[in-house]
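Scrolling down, you'll hit the structures one after another.
Shared between the two complexes below is subunit A, which pairs with subunit B and subunit C, respectively.
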Partner chain A sequence: MTLLAAILARAAKAAITLLMIVILNFFLIHAAPGDPAAVMAGENGAADQIYIDQLRAQFGLDQPLYVQFYKYVGGVLQLDLGYSYRQQMPVLDLILDRLPATLLLTMTAFGMSLLLGVVFGLAAAARVGRWSDSAITGMALLFYATPLYWVALMAVLLFSVQLNWLPAFGYESVGAGYTGLAMVLDRLRHLALPALTLGLFFMAVYLRMTRSSVLEVSQMDFVKTARAKGLSEGIIRRRHILRNALLPVVTLAGLQAGQLVGGAVLTETVFAWPGIGRLMFDSLTARDYNTLLGVFLVSAAMVILFNILTDIVYRLIDPRIAAGGAA
Partner chain B sequence: MTRFARNRGALLGLLILICVVLLAVFAPLLFPDSPWKMVQRPFLPPLAVEGMPLGTDTLGRNVAAGLVYGARVSLIVGLVSTAVALLIGIPLGALAGFYGGWIDEGAMRFTEFFQTIPSFALAIVLVAILEPHLTSITLAIAIVSWPPVARLVRAEVLSLRRREFVDAARLAGLSNMRILFGHILPNAMSPIIVMASLMVATAILLESSLSFLGLGDPNIMSWGYMIGAARTVIRTAWWLSFIPGVAILLTVLALNLIGEGLNDALNPRLARKGR
Partner chain C sequence: MKKLITATFVSLGLAAAAQAQDAGGRLDIVVQPEPPSLMLGLVSNGPTQLVAGDIYESLLRYDTDLNPQPSLAKSWEISEGGLTYTFHLRDGVKWHDGAPFTAADVVFSADVFLRKTHARLRVSLEHVDSITAPDDLTVVFQLKEPFGPFIGVFEAGTMPMVPEHIYKDTDFANNPANNTPIGTGPFKFDKWEKGSYIHLVKNEDYYLDGQPYLDEIYYRVIPDAAARAVAFENGDVNVLPGGSIENWDVARLIKMDNVCSTGKGWEYFAPHALAWLNNREGPTSHKEFRQALMYAIDREFVKDVIWNGYGTVATGPISSRTKFYSDDVNHYDYNPDKARALLKQMGYDGTPVRILPLPYGETWKRWGEAMKQNLEEVGVSVDMVASDVAGWNQKLGDWDYDIAFTYMYQYGDPALGVARNYLASNIAKGSPWNNVEGYANPELDAKWAAAAIEPDVAKRQTLYDEIQSEIVEDVPVAWLLEIEFPTIYRCDVKDLVTTAIGVNDGARDAWIEK
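Entry: the complex of A and B
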């Protein structure tokens, strides 16, 4: 199978998954407690029946379920995710407004955690059984067991309240009016703590995966052959073990990326980071179900997209898949 | 058993877990008052007043009582949601692995679908829509945690169903269901037990995250709620966020250590690789 055909097949599968999530979303919206028309009327301070009926007609809530379903799915296909009565804005605009901040945060955290996880995992595997291995795996175990939001709070306590090194919340210094390099530096300072706390948990995950994968590959026959051939330990490590050990780590890391979006809800809530995670938290407290489910849909779409990207990267770095398909 | 006992980490984990369970079980004896009751001045630091070893929170409630009652919620939600997840995942994975064909195809597509959805986001949406309640929280956690079970059980059944003891059972005239649930699954139990112990840990983290976001059962004191409520006063009363977090960390760490110990004891062939 060529790369293009593989990507097309993958995209078709993703489209089906996405459609199923849209359908699930529709039923979740209808399972949400409260009549949206009554809620809206209450917001506007007029709860008489005529007004409620009028709102219901205006937003199509008086039509049979299958008509509403048809309209909802059609709307989503045209990128209409409904209207946030609370924020008086289309949900899609709200999300698009916040999406860059979340992408910046999750991508930074992902890159950092993968890099650190692989480096520490390799270090631990190279010193397997010694105290430095125990120290690294112990650290991973600790981060693996710590609630993400609690690490975030403790980081604020240490680095912002006690040491006053880094800002505790927000995306940039309000009213500072930085431009150019100063602005970039200011944003990076704000990004540091959220990205670090979000990344630590995933670093622990990737560290454990890398360590066990390297140890597993080290026992395989081709490594013994390489050693019997008289290759130097460094070459065996780099060319034989590392390449084979990292493949499953990259795949699993790509599949795990969905968890990052969930973690972002917690991190963004603690650091008042203006991303879709924070938007999700705000819509929870405001009982704004349209926005809540819109964020859910978009984050699921992001995960699917990321999985496809992982698939492509995997095909590029592991030529066996393409070759096996063509033969 | 001896292999488990030789693992120092696992023993430490077991010790911590026993302490947490004892505290949870004897909560009403240790603290007869409701953990919601305001008993003292607010913001008392730990050890400041007799009978309030961990101080009081923003409303003057006893932090130690909250901690002990919170242990109950964490353990119950962790155990029950894992049990429900096993009840969904084991039959689905077993049937998929045993029958193969379109049953396998359908079951695995279904599982894949749930694995694609970001699990914490789905849990948030489910609890928000079902209204926060102990039942809805447990159910939501179970719904997001069963897919790995189904995949594991399917893989185990696939590797076991061609074994000789299965052929022997078939020759003896046993029905498919008897073979699957009476002969194949019992042989697949050890990796399932290991996974279950790690799932309880994850479920406790999930529950605490949900209640941190304000999606906890409003009538039940939980660790995540305590941290969430103390978040805004972190500058003046840091210990209010610190203490419940340590409780979560210790409990989850203990369960992870036990899980690893069980893994080493039950799957010695895999474990030796790491040592």
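Entry: the complex of A and C
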């Protein structure tokens, strides 16, 4: 199958999957107790039936569920994700507003965890059995096993409260009015702790996977053959071992990449990072149906997109897949 | 017409007498959760009022003893018999877009806009016959009958002034101007970076000379309670409004250097924690069970341990900070033996009761657990029900609970914020703020109604004394605690809390010592 045909086939399947996701999510969300009007009325500290009815009419919740469903799906098909009455703006604008912050955080964490994970994994594999290997795998185990929430709080306690090196929350110094390089540096300082917190876990995952995968591939016959041919150790590592050992890492990275847009609810909450994950969580507690559905839809689309990208990367790393042999 | 009460204050003179204020500087205040909107006429929840209190104003403010003070009205008169309220507006007040603020705006706000959008004011406006503007600076509220609490409804969250020239003949809820609120207040809306902060800047044309003193205010959105405490510790924010951090952090932060706190600024709201007891069905429908519950729960313990000593154990429906409070009631002191005896007398058969805690963080969760333990100690079996805010609202609105925690604002007067929870006419599904427990007592209903329209203050007090003594006997709900939410701030911030609604009244008087 050619690359283009494969992509087209996947895209067709993806469209159907997305539609199913929209339908399923719509009914799941409406099954949750309480609706946005009741939440808003509840928050007001005083409410009567007139007020709640006004809100329901304003939000369109006074119509039968099938009418709401029909309107929503009709809108989505025209790329209109609806209006968030909670946030008083169109859902698409809201998501696009929050997306850059989330992407900055998750991409940084993703890049960092992948790079450090693979590098340390290779280093550990090369020194297998020695104390440096034990130190690296021990560290990985620690990061793997520690809850994210706790790491975040401890990092804040150490780097912000005790040492005062890094800001504890937010994504910029509010009202500082930095521009140019100063602004970039300011953002980076704010990015450090959340990205580190988010990245550590996945770094540990990639590290352990790279290490075990490299060790496994090193024992294989074709590596022995290569060695018997008299190839240099460096070439064997790069061409024979690494390339084969990276396949499972790419699979996992693809899975993680799909979640990049969904944001990181916990990290974004602890560090007051204004991203999609928090938007989703706030929308859930407020029963902000349209926003929640919008976030789900965009995240689902991204998962599918990254799955397709992962497949393409597979083909580049392992030509057998393109030939249809190993797939 | 003889003028019974004439009040004219010159607030500038009062303020200037104290100390010369330094101008400039900025406040960073935590707002939690992020408000859904800043249009105070449409949304009146806590976070909205905290921010919008700087933008919008009403005719009056109230000092911490609930006495009315001038705001947009410089003086006012109440006629003998209490039927006519005449307000004289300040001259030269401008909306943030430069248009003049006049009596027509007041009539529009109260009679047209808020009558349509404001559930709580709508109830008070039922006593009003007409609202008129004889001239640009005079507004007259003509009442159908005397309604003593009426002087208490001119607070910014209850009757915010909204601009007629922007809202007249529009769809209020969907007016695009809601995103750029225009008020008369000391600060103007500048920018809302959703998920991060709301920025307000000084209103240079404010009608009080030299005020506001601050240049700008940032309301910071920080979703995690521990992170909010850290933000204050690090100096990122200098004001934590009441209730924005967990209680154990309050105890820790106020011990730090250069940290001040005050319990003032909640007198108008007088948050009153209570547990709804479902009077319709299950064990809680028995009076003996409800009385037993009152004796079984150790409210002093809750105050000292869960609330770190803040607050006062409630004695009945009316808070001691609200007008017409009476202490002459049965005090349900912690007495498990008495509780057991009452349960025996009732013939309690071990039917489990469900406790629904308030989903507002750790403190409330622990409170639910404390009550569970207390009840189990006297032999009541208890199931805890978990929910989020939406689910909690739904369950209360559907009366699907046995015992449910909440807290209610009293708005300075029993007729405004207390009677609503006990009148049989207020039993209706769908709201967590009315007579949720389903208590019906026609004799007391008549007394609540009589007290609301009784012009004589002493007679009102007598009526409320009788009501309190009788209702406390019936225990329609379990009164728990008069909550105190200390406002925590850096000590160089001065005059932050000057009224009965504290930081919610805006930072008009606040300044930072250089």
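What we mean here is this: the second predicted complex is superposed on the first by the 275 of 327 C-alpha atoms of A that agree within 3 Å, B and C clash if a C-alpha of one lies under 4 Å from a C-alpha of the other, contacts with A are read in each partner's own complex, and residues count from 1 in each chain.
The criterion applied here is as follows: a contact is a pair of C-beta atoms (placed from the backbone, for glycine too) under 8 Å apart; a residue touches a chain by one contact, two chains touch by 3 or more.
Fair warning: this is a prediction, and the values are worked out from it, not measured in the lab.
**Q** Thinking of the overlay built on chain A, is A:32 touched by subunit B (first), by subunit C (second), by both, or by neither?
**A** Touch status of A:32: both partners.
**Q** Examine A:144 and indicate which partner it touches, taking first as subunit B and second as subunit C; both and neither are also allowed.
**A** A:144 sits against subunit B, while subunit C stays out of touch.
**Q** Could you tell me if A:17 is touching subunit B, subunit C, both of them or neither one (first, second, both, neither)?
**A** A:17 sits against subunit B, while subunit C stays out of touch.
**Q** Return first, second, both or neither, reflecting whether A:75 touches subunit B, subunit C, both chains, or no partner chain.
**A** Neither partner.
**Q** Between subunit B and subunit C, whom does A:270 touch in the aligned arrangement: first, second, both, or neither?
**A** both
**Q** Quick one: is A:50 in contact with subunit B, with subunit C, with both, or with neither? Answer first, second, both or neither.
**A** second
**Q** Check the residue A:292 against both partner chains and state whether it touches subunit B (first), subunit C (second), both, or neither.
**A** A:292 sits against subunit B, while subunit C stays out of touch.
**Q** Applying the document's definition of touch, where does A:153 land relative to subunit B and subunit C: first, second, both, or neither?
**A** After superposing on A, A:153 lies in contact with both subunit B and subunit C.
**Q** According to the stated criteria, A:90 is in contact with first (subunit B), second (subunit C), both, or neither; which is it?
**A** neither
**Q** Of the residues on subunit A, which ones does subunit B touch that subunit C also touches?
**A** 32-33, 153, 156, 161, 269-270, 285
**Q** Which part of subunit A faces subunit B closely enough to touch in the complex?
**A** Subunit A residues touching subunit B: 17, 20-21, 28, 31-33, 128-129, 141-142, 144-150, 153-154, 156-157, 161, 211-212, 215-216, 219, 255, 258-259, 261-263, 265-266, 269-270, 280-281, 284-285, 289, 292-293, 295-296, 299-300, 303-304, 307.
**Q** What residues on subunit B touch subunit A, complex-wise?
**A** By the definition above, subunit B touches subunit A via 112-113, 115-126, 128-131, 201, 205, 208-209, 212-215, 224, 227, 231, 234-235, 238, 241-242, 245, 248-249, 252-253, 256-257, 273-275.
**Q** Using the touch rule from the top, collect the residues of subunit A that touch subunit C in their complex.
**A** 32-35, 38-52, 54, 58, 86-89, 94, 97-98, 101, 153, 156, 160-161, 164, 167-172, 174-175, 269-272, 274-275, 278-279, 282, 285-287
**Q** Which residues, counting only subunit C, touch subunit A once they are in their complex?
**A** These residues of subunit C touch subunit A: 26, 28, 33-34, 36-37, 43-46, 117, 119-120, 122-123, 173-174, 178-179, 193-197, 199, 216, 218, 220-224, 226-227, 230-231, 233-234, 236, 387-395, 397, 408-409, 420, 428, 430-434.
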